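Labels for the chains are A, B, C, D and E, by order of writing; each one numbers its residues from 1.
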Amino acid sequence: MNSSLTVTKTATFLFVGLVIMVLSFYVNSAIAAQPIVIGGSLPLTGEFAETGKLIEKGMKFWAQEINEKGGLLGRPVEFKIYDDESNVGKAVTYAEKAITVDKVDLLFGGYPGTAARAVMPVAEKHKFVYVSMGGHMKSFEQGYTYSFGAPPLMGEWWYEGFFQWMETVPADQRPKKAAVYTMNNPVGASLTGSIQKWTKKLGIEIAIDEKYNLPLPDATPLIMKAKQLQCDMLFANGFFGDGVMMIRAAKALDYNPKAILQGIGSVVPAWIKELGKDGDYVFSGTSLFNKLNFPGNDKLNEYSKKEFKIDGYPLYFGFGYAWMQALAQGVEGSKSLDQTKIRDWLKSNKIQTIAGSMTFDDKGLPEPINFCTQIINGQVELVWPLNVQTAKPVYPKPAWK
Amino acid sequence: MLEIKGISVSYQQHRALTDVSMVVEKNDFVALIGSNGAGKSTLINAVSGLNKIDLGSIVFEEKIISNLAPDYVSSLGVIQVPEGRKLFPQMTVEENLEIGAYLPEPRKMYSRNLGKMFELFPRLKERRRQRSGSLSGGEQQMLAIARALMAQPKLLMLDEPSLGLAPIVTLEIFKILQELNQTGLSILLVSQEVLQSLNISKRGYLLENGGINLSGNSSDLLTDPRVKESYLGL
Amino acid sequence: MSLSATLTGHDIDKSFGGLKALSKFSFEVKAGEILGLIGPNGSGKTTLFNLISGLFHPDSGKIEFEGANITHESPHLIASLGVARTFQIVRPLRDLDLIENVAIAVVYGRNGISQMQVARAKAFEILEFTGLSHRARRYPGELALEDLKRLEVARALASNPKVLLLDEVFAGLNPKEISTAIELVYKIKETYRVAIIMIEHVMKAIMTACSRVIALHHGVKLCDASPMDVANHPEVIRAYLGAGYAGN
Amino acid sequence: MNSTLIIQSLISGVMMGSVYALLGVGFSLTWGVMKVINVAHATFGLLAAFFAYTALQAYGVDPLISLVVSAPLLFLIGCTLYHLLIVRITSAKAVIVSSMILTFGIAIILENLMLLLWGADPRLFTTSYTSKVIIIGPFYFQYPPVIGFLMSIVGVTLLHLFLKKTYLGKAVRAAWQQPDASQLCGINLKRISAITFGLAVSTAGAGGLGMGLLYSFEPHSHNLWLIHLFLVVIVGGVGNVLGTALAGVIVGVITGLSMAFLPYQWVNLLTFGLLMVILVVRPQGLFQSEI
Amino acid sequence: MKSDQFSSTNSNRLYQMIIPIVLVGLALFPFSEPPVYFISFVFWIFLYVCLSSSWNLIGGYAGYLSFGHVAFFGIGAYATAMFGKIFSLSVSLTLLGTIPAGLIASLIAIIVGYPCLRLRGPYFAVITLCFAFVSQLTVKNLEILGGADGLWLKTMDVSVEINRTIFYELMLALTSVTVLVSFLVGRSKFGAGLRAIKEDEEVAQTMAVNAPRLKITAFALSAFFPGVAGGIYACYLSYIHPDVVFDVNMSILQVLMALFGGASSWIGPVVGAVSLTVVNEGLSTFVKAELARIIYGCLFIVVIVFMPNGILEFFSRRTKRIDN
């Protein structure tokens, strides 16, 4: 009998504890006032920690810079960043926590695509401007008015630059047959559409079109098959781990297509750092890049060199920075923290970011922009469009040594 | 040599042994008899350190060994051949013997003792590479005894070595025990084979319901009607 | 109750690996009868209980309960027909107190009770009957072996069985406890009119309680007779005391 | 389907599977003999991989050589963990459940320690031989899987020899076949348990290194590896070292073959589905239990 | 009445008083106009209480540790989403689909449980884990179910506060029903049979407990509530993806919550789910990310080493000792 009494006691204690906690949040939120608080969540631990941490650093660099300049609207900025543990459900509640408890002034964009997809309706409901990579075209087609991709990481556009350049290659030098291997996730799915469209246009036959679920156990059979069918073009639409396996298998099997396209794997700094020479000559896309000559990139590079000891800032570092840039211009432009005003300003004005200048359409997306990158001599170079070219594309890819 | 002074053992709240005392002298051969559930195994497990005792003490060669770890008790030379033999079934005959000689002192004498065992139990020599699990019941019991002997015991305790064996095999094993005793080994034998164990032992104890009811020279016990009564309830 | 046997077994064979646990074993038991089952360790007594209660199935042979063939039925069905058993090594439900232990047997037994509250009251009666009522709210871990054996009996009784299989419920008890336990068995027989088969090593119990005794050795029936005749049967004595004793 | 592709898939399947096996044997050992499911097993492997990575990057030490340091180190860590924590739950009612929760906690702690120490970036071993290849006829043998394969053969053989040929190894087997009888022979159970656990953890180190040769790794990679562990151990039979090793190869072959015959997107599904079938049909694993 | 001495009348009265107050208090909470986050956070707590309580039916009462229970959550989410999509229903009508979704989850539990429930201990844990992976991968590979892209659901055309309040109340209702069922099962014949199975399945069988049928019933019942919860969650999130609703971490968490609180009673999972969710939230709020996870990991070690039967039993034993 005692035990059941204690049960009740324990339950009561927990309930009271919960109430106290709730109250303490109320009190906490009441104190915050002076600085502009920007809140939200990022995957700082768990599966997407790598990217999450880079975005966080990019955002923080932006804050440091703007605070040195005297802040936003004359007020210093401050972050309230939660760790969502790479869990989409948590990303949603933390966005709400930032909005309704911390009463943040602005919301920052999250990662990965699935989280962003789930947060976008929340931002919409709460009428908060949400600038992120988005979560691919489909998320922007849901009719959200407060969501922006500035710049987005748009799978549907990712190879745009590459194909535009390929169009300039004389038809007889173009690849004839392509092998397409795509990871079975939203990013992968969004890449395949443009491949279908463009290969048809360029007269490239798709000999293999296969999806795989992560983790990819082994890449050897994939490469072997591509080699046997004499595919002279390889689309490896994957992340880092599987991308690396494909490259290593391609080298081991001495498979020499004219061009290798890599999805999202080669844009992380680890690609060059870990893979070394073998990672050379893969093509990929990007919507912002450290070698672009838009204002701001040099500062970021300088900072990266000092802080991370690498030439050229990492891609997601740039994303974190660029999204904040876009948001800040909305605030400065509308001279207000009113979300609707910020949104309206962003929809009707041109903004400048490290990814170039952009204007947004109804969906909250800029004009399709995507640059074509290629890794040459251990450096990511921009090869297309011509006005930003930092190196001539190496094509066809030299044989493995 | 071994002196058990008024020990009591309980499992959870149940008392399995109450105030039991007995003595095994040097070069003694003691038979401990009693019906099922009387507490015989509990007693020798208490000596080996597998059971903890509540009261009393167990003294071996002037050393108190009650409630010490089983491996330590073994290292003093008190070796038990457990009920049901408990061989290492996936290991060969020779490996079983090797584990028998696990302690540092016996390990030094391993090859010499191995030879002796194969002399004593020639059938084990034939099957030295066989898995112990595949041996016949009698061979398993021999192996269990040989494994214990590999540890160079001063006191050998056997728990129901005749269990599930054909009478002729039991006879053979008991003969070997008698020989071992004649070479100077002290033995404490727990057995259901009342007649045979009393025949070969020097002294006997009758354990009933957790206490010693009767003790004396084996030859006297053999004719004592109380023994038969205890078994058949006549 | 008719005079026909409640539970019968015909030519039951059971081996484990190469070991023959039971061979060509037959038995029968009637309501109101106490059948004793004796034999040295490993002679196949507990195996028989496992076969009757359906935990094992025989290799050949047939077990019938009130004329129905239950040879290959599942344990819960056999139990729900009215065959209850105890376990030699007590197996109480350790995380549940005595009332719960027994009450579960009550609700799932043939009592027509499906409410736990009612079952608990009934369980308490049974605990009273078996002399455990003062420990009703204790957990098995706090009990002495004697009481755990009683609990086994109480639990078996609780399902309101027609046949009760008692596996060494006297082992490890002192003479006084044995007397009370024998009284309990009698009481059970009188009150519940069940057929009882009991495995026992304590000969005193067998001698006083049983109307008939079967002796087993290495899975073979040695004899099936009155307690006195069994105790004086030379083969039984040899099986118990070792070769040569009978002649002594 | 052509035979070259099938055989090549088989070859790489075997090599991949053998690395799973190396990672799995220790897991199988602790589960089978100690009834401890060490959910952090793969995490220790990952720790060894990160250690080797640092040694390679900072001092140019070959990953295989770093194992000389990390394996004994992991052995010590394993022994210490046993004495500090595992021993406290071995008397619990449900050791298996408790051990899973306990080691789950350890895994979380280790993962985040690695995150603190090494950051979240994916890592690869890149040495002079990582992109080399041996070509025999139409077949290709990449160095890293071949090395992993050899490591696995050496590791499993060593473990097998240890258990079968050395005094201590025999004592370990004896202790788990008959705990009571082994104590009567003078074996100290606690010490043997600690050694078993330490040993298992240090084989995890070798396995982790092997995985690092095949795949890139990050602080959370152990979650994926753990799934492979369950796979090979269940297939091979819990507690069975050689069975687990064989099961690794079988899982590898199944994966390899299904990659040759099935659309790739069904490969992982098939593997898990097959495991379910194996579990239902033969819960004791494919091989006779042997310790 | 004799039976009185077997029921804890005092605490019954206590429950009878406290529980309605707590429930009414919880139901009224959103109307005190707290920041929306708190509604969502408590919704999240309800979700976990519901998941771990329903898991407890099979895992706690019967002792069959299912590590793949998230599969039923996911199945419920997808069934509801597809129901809404196929008939292009509004959100409120889609929510009606959660009941059939729960039934589908139960049906699948029966089909899967039939062979799987013959396995015990860790084998059952592993096979259910595999089942979770199999169902996740199946959904990912099937284009009709949205494949790797996931599914979008309609959103309600109401303000955030109302939207969140609706889901809050729905989840509160579901959770109350789940806990009530768990409570009733705990006191019923059915629950008693499950306990017997947990303690000793063989003995239970000899007590006429039809173990196979009871286990499968418990498994089906314990799949129903996650199925419904999955449906509500899908509508709440308005976007579902196999990685989100079949997340194995969720599966492991609901097991840990139940064991953490104490799996032998109905209140254990409730206490476990509430405390772990609150602690985790507190850690994420006040401690640096990695450190928070490390402390979280330590929590499991401390609990298992010092309170092997869950916090509830630990505290009740302790007070017992003090009372004595």
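Couple of notes before you dig in:
Note that in this section contacts are C-beta pairs under 8 Å (C-beta built on N, C-alpha and C of every residue); 3 or more make two chains touch, one makes a residue touch a chain.
Bear in mind that the values here come from a model prediction, so they are computed numbers and not experimental data.
Considering every other chain in turn, none proves to be in contact with both subunit B and subunit C. Chains touching both subunit A and subunit D: E.
Of all chains, B has its CA centroid at the greatest distance from the CA centroid of subunit E.
Most remote chain with respect to subunit D, judged by CA-atom centres, is C.
Counting C-beta pairs in contact, the chain pair with the largest number is A-E. Computed centre separation for the pair subunit C/subunit E is 42 angstrom, with centres defined by C-alpha atoms.
Mean C-alpha positions place subunit A and subunit E at a centre distance of 34 Å.
Computed from the mean C-alpha positions, the centre of subunit A lies at a distance of 74 Å from the centre of subunit B.
In whole angstrom, the spacing between the mean C-alpha positions of subunit D and subunit E is 33.
For subunit A, the set of residues touching two or more other chains reads 45, 184, 211, 213. Listed for subunit D are residues 112, 115, 265, 268-269, each touching two or more other chains.
Chain pairs recorded as touching, per the definition above, are A-D, A-E, B-C, B-D, C-E, D-E.
Residue ranges of subunit A in contact with subunit E, taken from their complex: 1-12, 14-15, 17-18, 21-22, 25, 29, 44-45, 82-83, 85, 87-89, 92-93, 96-101, 103, 114, 117-118, 121-122, 125-126, 138, 142, 184-186, 188-189, 211, 213.
Every residue of subunit D that touches subunit B in the complex is listed here, in rising order: 167, 170-171, 173-174, 177-178, 180-189, 290-291. Residues 2, 4-5, 8-9, 12-13, 16, 112, 115, 119-124, 126, 130-131, 133, 140, 142-144, 215-216, 218-220, 224, 255-256, 259-260, 263-265, 267-269 of subunit D are the ones that touch subunit A when the two sit in their complex. Considering their complex, residues 31, 37, 85, 88-89, 92-93, 96-98, 100-102, 104-109, 111-113, 115-116, 227, 230, 234, 265-266, 268-269, 272-273, 275-276, 279-280, 283 of subunit D touch subunit E. By the touch criterion given at the top, residues 11-16, 35-37, 39, 162-164, 167, 170-171, 192-196, 209-210, 228, 231-234 of subunit B touch subunit C in their complex.
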